[in-house]
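Two complexes follow with chain A in common, the first pairing it with chain B and the second with chain C.
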Partner chain A sequence: MVHKETTDTQKKKTKRNPRGSHAYEVLLIIAAVLFILATAYTQYNPMDIILQPQNFISFITNDFFPVDFSKVFNNLDTIFMTIQMAIGAAFISAILAFITAVFGSRYTAPFQPLTKIIRGFASFLRNIPSLVWAFILFMSLGVGTGVGFVALSISTYSFLVRSFIETIDEVSTDSIEALTSCGASFWQKIFQGVIPSCIQGFLSWFLYCIEVNIRDSTIIGMVGGGGIGMVLFTYIKSFKYHSASGIILAVALMVIIVDVLTNYLRKVVETS
Partner chain B sequence: MSEVALELQRQYSQITFSANGKIRVSKPRQNLQIKLFLIFIAFISIVSIYFLDIDWAKLFSRVPDLGIMFVKLANFNFKLIGQILSDFALSVSVTILATVYSAVLGILFGAFAARNVIKSRVITTFTRSFFTFIRAVPTPVWVLLMLVCVGLGPAPAIAGLSVHATAFFTRAFAQSYEEVDADVIEALASTGANKVQIFFSAILPAAMSSIVAWCGLRFEINFSESAILGMVGAGGIGYSIMNNMQGYDYGSAGVAIVLVYLFAFSVELLFTKIKLKYVK
Partner chain C sequence: MEQNVLLKFENVSKNYANGVQALKNVTLEIESGEFVAIIGPSGAGKSTVLRCINKMIDASEGKIFVEGQEITRLHGKSIREVRRKVGMIFQNYNLVYRLSVMQNVLHGRLGYMSDFDSIFGHYKEEDKIRAVELLSEIGLHEFMYNRAGELSGGQKQRVGIARAFMQNPKILLCDEPISSLDPSSSKIVMDNIYDLSQKHHIACIVNLHQIDVALNYATRIIGLCDGQVVYDGSAEGLSRKMIEEIYHTSFDNLIVGNGEKYGT
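Showing the complex of A and B:
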């Protein structure tokens, strides 16, 4: 018995290793071919940039420094606006995503065809880049904070639907099966099975979304959503690099602080 | 995204109910903590939304316009398909080049940020903080700054995307390196292998599968971010979408959007298949 097991694992190993190494070789060859094709198409040569550092050096020494922080204090309200957008969009999309995910997970869905439809819908929303969504919305509804908020919510929502469905599928299978076998109703399954076992996972994803949204709301702001992104874009476009560098540092600081905070809160949630 | 998934998985593997088949009954202390946390989050979020001062009634009254826009976009116009395809090819090329260059740089810089590769805490801390800063600045800002330094064309787009992706890879790869078993490194060190040999023959091969997974993830992100480039005037499919919409040629913009969707969707399918087959 023991002998058979060892030969089995050996067989597995000898079978697996060559396939594994082949896979990497194939991947490497594909990457190399794509790389050569892309280089030929774009005529991109990084040496052109690296061998002419004077542009960068003069840009950094003349335009970037000295950093002008006065504009940061004038624009503190727009920084808060960006943070508010990130948190608000994450909150609303988390609520909507929870409701959708309950109908999209194959363990809790009241009827099965719905799961396919919801997964397809979320995949459609997710695979169109958030900026393209922002642009479609800005073109049809006009620019502004409200429209930026909706654009940010679309990408957060589509991401959270998938994450929540995966969390429900992975975590609460056992408890839902147990509840189903006792004849629990749909609502009992949600409130006694899904929420107690998944709430930590949901909160963890929610906090991660705030982290991502802080970056994204800055980017959406740049194309017309308002907030600090808009201010930064205006400064760069009007060649006011000293003011822009102050704002860039402020944005970096904002992102880092939010990262640290959400990471801390995630640890608290996961260990509680 | 996947680092969170990994963390979650690690956490769930420790949850007791799945191990012994028991369903968790209530834990008063934990429930109170989670409840307080939920109330706190709800409060902060509602305050945030309130102070954003969005005119919701006006926003919702314009929703029909969105429907009209979708109808216009769905009225495909294939006249400019040649231009759209060449813009699309540019976007894909930019994505490929940015991913390849930053992956190579990330493998190198990741080594300087991994505590089991470089023993000096000063170097690892410096590398980590430097790339944390770079990652904190959004990608379009890097593209815009590169645009100023390098000039028009695909070069600033590739360079700008690479800067942000390199910072991303450095952190991700450093994590993968640090997960490599310390015994393997010790075994090689005891045979007299030097640092470089240990890195290339033990750490890098062991971290390879997670490096490939990270590259796949970043490829998807890079493609969706390459749409930004068009919006800041650096070309690509984003420019095609923006330009055609501003010129009221919605049919052509619709074709470009569908092309973006189909590519992103098939890349996602492909990587999911690869992951299911080879990772684990």
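Showing the complex of A and C:
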């Protein structure tokens, strides 16, 4: 038996190596050819921005500078609204996604056919970007912060369902098997097995979603979801570029602060 | 004698969806107090036999009786009632590593509890006392508040043993309990399993790759090869020739411990 196993693994190793290196070269050539074809077709010259930067630079120096920060302080409440949308959507989606994921992981699901339906449903939702969800919902329900919140929640939810299912599959397979063999019921397995072993992973994904949502909620705000995005868009449309640049810098600062904070929290969660 | 039969396999077969026939017409009877070792090469169906007993895997054909009750057709709540009578120990320990040792041991009681109590961890006082007793018996009481993930491999496996005995099982299934352990931990774990199962007079079925360990402990040895029982008898009766038949190879190709012990 021992002899057989070693020869099997040796075969696998020698097979894999030569194929891998060629695949990368071929992919690189294909990508280069596609790039040249696409550039020729769209008549886009990547050198434009380097050879003729006058327009771009004059727009920045004349219209964006000097930066006007006075409007930032008038709009602090909308910045907080954007942050609240991001965190709120992540929170609601995390709860709903957890409930869904428990039925979607094949190790915990009480009915196996359900797992495929849930995975399919979640990947359908996920493949439509949050901006598209926002447009769909704005068209059907009208613009507003509430509708923007729902759009953001849908994309966060679909992302988290997938991540949570994978966390459950990866982390708690063995312990769930043991609990099942003890005669544990579905809810016992969830509360004594899945939650204790996966809570770390769940929290980490949740914090990551807040990070992503901060950016998304600004963009959704621009197309009608309210918050700082809406304010920014109004300034741009009314050619108040000095105020707009102040807002843009404020948004960047907000994103950086939230990133640093969630990264710190994720480290705390992961080392606990 | 019929009353003593704890576990009975009647012509049990198992076909997996991928076409593999893991068990072919297996017929077995195991009595309480027996310490049975199942040996055989990887893929012979050892794990399938164990997992059919607590319905982690459903047998395709044949009947399985646990304490005289036919279990192959059971559903829902009655499966849980069978499972709590059957303790199981795993190769990878299968503990919830972020919970304490105590909480892991108490998981053995889940099959007896209502959903509501177990969700909030409201274990009965007598269960907690029993868990501490079991932990002292296997020498782990000083670790009871430690996280299970902090323990060494051998200690984790002993927590697994305590969890299985918390169920007050009639049958104990051990799926390669010492395959991931060093020799000294292996000895402690096998001694724990043997002593506890003898003390509580329960039947113990152990899958093993180590033939010398099987011979040391087992009162009876079952040799499985390609899903069929090719040997069922005492440890003394297991000859070199028999071992060669079980593992489909010459005796010289096997690591079986002290070769002098086996008859020809």
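Basically, the second predicted complex is superposed on the first by the 256 of 272 C-alpha atoms of A that agree within 3 Å, B and C clash if a C-alpha of one lies under 4 Å from a C-alpha of the other, contacts with A are read in each partner's own complex, and residues count from 1 in each chain.
Just so it is clear, a residue touches a chain if its C-beta (ideal position, glycine included) is under 8 Å from a C-beta of that chain, and two chains touch if they have at least 3 such contacts.
Since the model is a prediction, treat every value here as computed from it, not as a measurement.
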Q: Scan A:Tyr208 for contacts with chain B and chain C and give back first, second, both or neither.
A: first
Q.
With both complexes overlaid on chain A, does A:Ala90 touch chain B (first), chain C (second), both or neither?
A. first
Q. Is A:Thr61 contacted by the first partner chain B, the second partner chain C, both or neither?
A. neither
Q) Given the touch rule stated above, what does A:Asn74 touch, chain B (first), chain C (second), both, or neither? A) neither
**Q.** Partner chain in contact with A:Trp187 - chain B first, chain C second, else both or neither
**A.** second
Q: Determine, under the contact definition given at the top, whether A:Asn263 touches first (chain B), second (chain C), both, or neither.
A: neither
Q: Determine, for the superposed model, which of the two partners chain B and chain C contacts more residues of chain A.
A: B
Q. Of the two partner chains, chain B (first) and chain C (second), which one does A:Ser238 touch, if any: first, second, both, or neither?
A. neither
Q | chain A residues contacted in one complex by chain B, in the other by chain C | A | 174-175, 178, 193, 196-197, 199-200
Q: Quick one: which bits of chain C touch chain A in the complex? Just the residue numbers, please.
A: 41-42, 54, 56, 79-84, 86-88, 90, 92-99, 103, 107-108, 110-113, 115, 118-119, 121, 160, 163, 167, 247, 249, 253, 255
Q. So in the complex, which bits of chain B are touching chain A?
A. 1, 4-5, 7-9, 11-12, 15, 17-18, 21, 23-24, 26, 30, 33-34, 37-38, 41-42, 44-46, 48-49, 51-56, 58-59, 62, 65-66, 68-69, 73, 89-90, 92-94, 96-97, 100-101, 132-133, 136-141, 144-145, 148-150, 154-155, 158-159, 208, 212, 223-225, 227-228, 231-232, 238, 241-242, 245-246, 257, 260-261, 264-265, 268, 278
Q) Taking the complex as given, what residues does chain A use to touch chain B? A) 20, 23-24, 27, 31, 34-35, 37-39, 41-44, 46, 48-49, 55-56, 59, 63, 80-81, 83-85, 87-88, 90-92, 123-124, 127-132, 135-137, 139-142, 145-147, 149-150, 166-167, 170-171, 174-175, 178, 193, 196-197, 199-201, 203-206, 208, 215, 218-219, 222-223, 229, 232-233, 236, 241, 248, 251-253, 255-256, 259, 265-266, 268-270, 272
Q: Show which residues of chain A lie in contact with chain C when the two form their complex.
A: 1-3, 172, 174-175, 177-185, 187-188, 191-193, 196-197, 199-200
